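Structure in structure tokens, see below.
Labels A, B, C, D, E, F, G, H, I and J are assigned to the chains in the order they are written; within every chain, residues are numbered from 1.
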Amino acid sequence: MSAAPITGISGGPQSAVLNQDMVPRVASFCPMLFAQKKEKKLSFETIAQALGRDEVAVAALFYGQARASDEDVANLSKILDIPESTLKATEIQACPDRGKTMLELPPKEPLIYRLFEIVQNYGYAYKAVLNEKFGDGIMSAITFSTKVEKETDEKGDWVKITLRGKW
Amino acid sequence: MSAAPITGISGGPQSAVLNQDMVPRVASFCPMLFAQKKEKKLSFETIAQALGRDEVAVAALFYGQARASDEDVANLSKILDIPESTLKATEIQACPDRGKTMLELPPKEPLIYRLFEIVQNYGYAYKAVLNEKFGDGIMSAITFSTKVEKETDEKGDWVKITLRGKW
Amino acid sequence: MSAAPITGISGGPQSAVLNQDMVPRVASFCPMLFAQKKEKKLSFETIAQALGRDEVAVAALFYGQARASDEDVANLSKILDIPESTLKATEIQACPDRGKTMLELPPKEPLIYRLFEIVQNYGYAYKAVLNEKFGDGIMSAITFSTKVEKETDEKGDWVKITLRGKW
Amino acid sequence: MSAAPITGISGGPQSAVLNQDMVPRVASFCPMLFAQKKEKKLSFETIAQALGRDEVAVAALFYGQARASDEDVANLSKILDIPESTLKATEIQACPDRGKTMLELPPKEPLIYRLFEIVQNYGYAYKAVLNEKFGDGIMSAITFSTKVEKETDEKGDWVKITLRGKW
Amino acid sequence: MSAAPITGISGGPQSAVLNQDMVPRVASFCPMLFAQKKEKKLSFETIAQALGRDEVAVAALFYGQARASDEDVANLSKILDIPESTLKATEIQACPDRGKTMLELPPKEPLIYRLFEIVQNYGYAYKAVLNEKFGDGIMSAITFSTKVEKETDEKGDWVKITLRGKW
Amino acid sequence: MSAAPITGISGGPQSAVLNQDMVPRVASFCPMLFAQKKEKKLSFETIAQALGRDEVAVAALFYGQARASDEDVANLSKILDIPESTLKATEIQACPDRGKTMLELPPKEPLIYRLFEIVQNYGYAYKAVLNEKFGDGIMSAITFSTKVEKETDEKGDWVKITLRGKW
Amino acid sequence: MSAAPITGISGGPQSAVLNQDMVPRVASFCPMLFAQKKEKKLSFETIAQALGRDEVAVAALFYGQARASDEDVANLSKILDIPESTLKATEIQACPDRGKTMLELPPKEPLIYRLFEIVQNYGYAYKAVLNEKFGDGIMSAITFSTKVEKETDEKGDWVKITLRGKW
Amino acid sequence: MSAAPITGISGGPQSAVLNQDMVPRVASFCPMLFAQKKEKKLSFETIAQALGRDEVAVAALFYGQARASDEDVANLSKILDIPESTLKATEIQACPDRGKTMLELPPKEPLIYRLFEIVQNYGYAYKAVLNEKFGDGIMSAITFSTKVEKETDEKGDWVKITLRGKW
Amino acid sequence: MSAAPITGISGGPQSAVLNQDMVPRVASFCPMLFAQKKEKKLSFETIAQALGRDEVAVAALFYGQARASDEDVANLSKILDIPESTLKATEIQACPDRGKTMLELPPKEPLIYRLFEIVQNYGYAYKAVLNEKFGDGIMSAITFSTKVEKETDEKGDWVKITLRGKW
Amino acid sequence: MSAAPITGISGGPQSAVLNQDMVPRVASFCPMLFAQKKEKKLSFETIAQALGRDEVAVAALFYGQARASDEDVANLSKILDIPESTLKATEIQACPDRGKTMLELPPKEPLIYRLFEIVQNYGYAYKAVLNEKFGDGIMSAITFSTKVEKETDEKGDWVKITLRGKW
């Protein structure tokens, strides 16, 4: 018995979706951004280059978890073909009401669950190492940047996520 | 009004503790490892060098979230001054019953909460970028390595955490 | 006293339903697939044969828990009589935002609860046997296939479910 | 950067453990069985052969999730070197108070979580296929047998779990 | 002080309601059945007689917790004055997605809470007596019938509920 | 493939157990009653006859969910061979602090879960029928009696549970 | 620093509101009653006098937690200026599906939380006193009346709530 | 069929118990007070008279939910035959860490649940009436007194609970 | 690696938003107030000055957590350019149904979580100090005022929040 | 009717207690500190003066929520009469495993609940005002100080709590 996997895993690029149950929870400009991104067939990589920001930061902006600077708005307007005034009339530059994308925790989405599982299983190990390296304190999740890279070796593809936060 | 901060934040190295309420939940060898580490005044950095493994992996082992190889046992025995037979009589080489360190989620511990908050707020942004880079699938939280580095610039100290998992 | 059972149990084939409270949570193409399946009076068995995939994988696709390949889209288009372009305009080929079908856990649905109960009661027994057979690690729930078979003997019908996952 | 994985994954057989936080919850004979199994260096495979039962059923018995027949007691007595009278004085033949091994759901243990995730993500797909094959009804989780097999091909090891329940 | 009771308790027959917050959760034919039952001023007792089934089974059908046989559909069509084809176009004969009526447990509805309280307080007493009478096993909640009777003596009215399930 | 069922189901009488994790939660006389019942090899049926009460009521008393009258104490003393004064020194005649046997709801114990599932799935059906038969009000779970009977026909054994409560 | 209180506390009578998030959960006649009460500028005190019932009972009726008798309907029709037939077409005389007003417990509403806190903190004290006064049993929350009075002394206003239930 | 009720309901006075699972949660003087109360065969009514306080307040003190004044300590010492110095060495005069008696909410104890149910079902009715009588604000649950009375009429016994709180 | 922070932190004033998922939960006048505030480009500081109330109190009013006096209505009407009659037709002067802004606790919004974390970590420290300073009792959260100030020193900006409540 | 309040509210100073159920959760030095504080009859005010730190910070240290500097240890040793070496052998200078004092949230303790209620009801009001004053960002709960003051006017005592955190 060797049925094909149930999931349609493939190596090709996949356009990210905004599931319809998230629409009423996120800021009202989010569906518009996703729609134009799909229309223009743009990846976050391309948009990130146009904005001069990291991909994850741009995706966070699309999900309403970050705010746009004036420069971001100008660049988004150009690449997504949405008038600047339309963007500015939304809350895209307001302080986000964060934490709305994820309805429940632990997350049911398998990919996001894996990130959560790392915190669950190694949280105290990180704390121990951080306290020994830095003393008492915390790493900021706000003054914080992150990036995602793809590495390939003979075993296949590897995800490399880097988190960098102010102590 | 400028009272000193309520937390005893300091930059000096701090020995990690195993809070007493965790003792009945983790494997029975954990308190022994922490006791000898304290007795010998060893940091995870020193132990990690002796074992040739990453600090977070070693801390995970101390919290019962990873298992020791024969070589790890031999090295731990030497550096912690615990007879190899004593270590081998415990479940240090058994498959861990993982997930016992964290009683509840969201975690109340502020440092660990910050890591959790990153997943909560940027989980979908990571998923979007990963799916666009790798296609459908997940990043393994098991075939997975991680490290913590300290970077210092004019703004102060920065924590840099790297996660690397098989796609 | 020997009233007939309250449930309308019968051995005949029953067309699967998409309960209306699930519609706003799953991807927007799901109701369309179910509607055409009903219209065409097709079973998952028939569709699975047309797609050359397992029945459970096809049902998972209908519930938005898996993505369709180009070939799947072509076959679905033919058998369900939906234009390919209509299917391609939906998120049927996007990476699914998985985990939306089941609102709460433990599941209230009795049939699904029985599967859940197996994990609840025998989870540690499976772990013990798997660790003894394979060493430390996990079985993938992603690189994973599954099938359902019906067996009949003198005691009646038996369900045989096979799960096969990469270690 | 290519650090070794944080988990001590290995292909060799690993003796299953009874984590100490489970001891007060399971029946009082469970720790005794595990202790003798360790002392005698027996795998569940060996014990299962001696009892003429499936490995998972035997592991379930060790975790107090199943009851022993007179014959099981006689065989356990012999292979574990525990007097029959000692075993019979415990509740090993009583009807188990099931459901005590798993403190919380979703389970935090990664291997058990993967089984849970299969139910979570494909639960409705199973229900749909089962209803179409069998009509309305449920699969029994009680008149139920299960087995675990190991398959190896060029891609590595595969876990094959079979569940068989009365409809 | 002897104010009248806050609840409008009365002994007269009361037509059962489908609270509007339940409508989006149950199958779409449920509101139609309730509406015609009200229009026709029928009690469950009358409908049950027409269908030759128990009252609770019929009420379960109205709440979408059971499926109708062809004969049930014919009888419902006649007594409720709904064309058979209209009924057949709904999911009234599909396998129900059970468990949707009760949003949360413990139930807040006082009458249903009392039934729940019986399970909560006497659950282990039932298990003990059942295990002593039948050995290990369970009582089926699926191959199961139930009825409600009214008994009156000098102390007032008594509810008698009988549950009968296959062991 | 037709492995024996994982559960040790048998038709013979099984002595009920008081799982050790329940001991610290129930009244302190409960373990003493269970111990003497086991020592004397008594079933609840026998004890119930000696007390002139129903089996479920007696089991409820053993689990600390009901209180004993003076007559009950005298009878228990005789049949269990415990001095009356020993029983009277406990809280066996005090008003029970009910609800301690079941730690969590939904119950994980499969047999008790089935009772719970009946309330979950048919709760509103019962309410509808009761309201139509009795008007507004509730069935008492306190002025309440219950019994368990065993019926056997060609299909096997059937459990018949009767609940009778004051309206 | 002595800023005015953040809450707009005042001693004057305040018309009660039906928050819009409660509308979809309560019976459909509730918004109509509140609207006419507002239109007619009536207090619950006035309506209660017209109905010859207690204020709390009337408010409970407006929130769909109690049912109206024929006499109540006649009186409500007159005082609220709603035709009797309009009222009778609603479920105002049906048995309420109680427990819908309060979405979650503990309640977030501060005034209701205070009542809840009394039960939380003094629940066992009430039970102890009641058991000593009445023996084993419960106080009915159904055959139950309640009233609210206002008392004023030199320290200010006092709320006096009386609960009276059948033992 | 008219079996005696499962609960041992009786009208005679019942001494209140401190269930053993509450002991580790309440203040350490509580078990001592209950033990002496039992030894001396005192009811809360008698103790309340000796202290010149209300019964519920005294019971609350026994459960560690209120603190004793110097006068209370002197009176308790006399009536319970405990040296004043022994009482003063405990935390009986400290500010209580309130809220420890009730482990979970909703409460499972049926008598306490009935009080809770009143708040759940009539909470908004109370709020509406209170706001109309007093304006915006809350009733204090701290500057608060309460008493329990027994009333008997031809229908049987009635519990009358009065709550009186500062607005 | 020194990517810009993911959050768009800036020191400039940001207009507060009413996230769309809050609209159905708060009072119906809230969106109108926010819309006019945006239209008029007013800050809470400006509006607070016009109303002669504290900024937090005014923001609480905008979120439906406080009620407006006649004077507040007059002032709001003027500064927001909404007719007084329009405001008075809403529930802006009714007693608020408080506690609707925050759907879940712990709050996911990072800024609000920080306030919550202070209560979580220092709650008992506050209680200890308050009890030592004031004796037994509580601080009112109702007869309560609060203000927010900005302080700047060489280390940057500091938030100073003052809470003042009646004991 | 004007019974004395149930709570033993008084204006005199009350020594803070460490409830016994908290002992196994907090660091092991906490009970020792509380015991000596009681023995020496010291208030937090006195100890705070001796340590030159704020009272709340000192109380936080006693509850294991903050760490002691070398100077703190020296001062504590002197004022509590505990040898410095004894203190240093504990984890009083380790990085605390914070968040252990409060078992559940919302907190049941009424005084702490009031602080929690402020965050619950005014959380969004604070966020709105802070974002308008400071832009996007958060207030640190770590680089944070706090103090408690008592103010008295003709209306009675007032609590003034000041929170000051880095933006």
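Here, a residue touches a chain if its C-beta (ideal position, glycine included) is under 8 Å from a C-beta of that chain, and two chains touch if they have at least 3 such contacts.
In this text the structure is predicted, and so the values were computed from the model without any measurement.
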Contact-richer chain pair [E-H vs H-J]: H-J
Mean-CA-position distance for chain F and chain D (Å): 29
Distance from the mean Cα position of chain H to that of chain D, given in whole angstrom: 47
Chain A-chain B separation of Cα centroids, rounded to whole Å: 25
In chain A, residues with contacts to at least two other chains: 1-2, 6-10, 14-16, 22, 56-57, 60, 67, 95, 98-99, 102, 106-110, 117, 120-122, 127, 131, 135-138, 141-142, 144, 146, 160, 162, 164
Every chain pair meeting the contact rule: A-B, A-C, A-D, A-I, A-J, B-C, B-D, B-I, B-J, C-D, C-E, C-F, D-E, D-F, E-F, E-G, E-H, F-G, F-H, G-H, G-I, G-J, H-I, H-J, I-J
Sites on chain E touched by chain F in the complex: 7-16, 22, 43-45, 55-57, 59-60, 62-63, 65, 98-99, 101-102, 105-107, 109-112, 114-141, 144, 146, 148, 150-151, 155-167
Sites on chain J touched by chain G in the complex: 1-2, 6, 106, 108, 110, 113, 117, 120-122, 153, 160
Sites on chain J touched by chain B in the complex: 24-25, 27-28, 53-54, 56-57, 60, 66-69, 72, 91, 93-95, 97-100, 102, 141-147, 162, 164
Partner chain A, residues of chain I touching it in the complex: 1-10, 14-17, 19-22, 107-110
List of chain B residues in touch with chain C within their complex: 67, 95-96, 127, 131, 135-138, 142
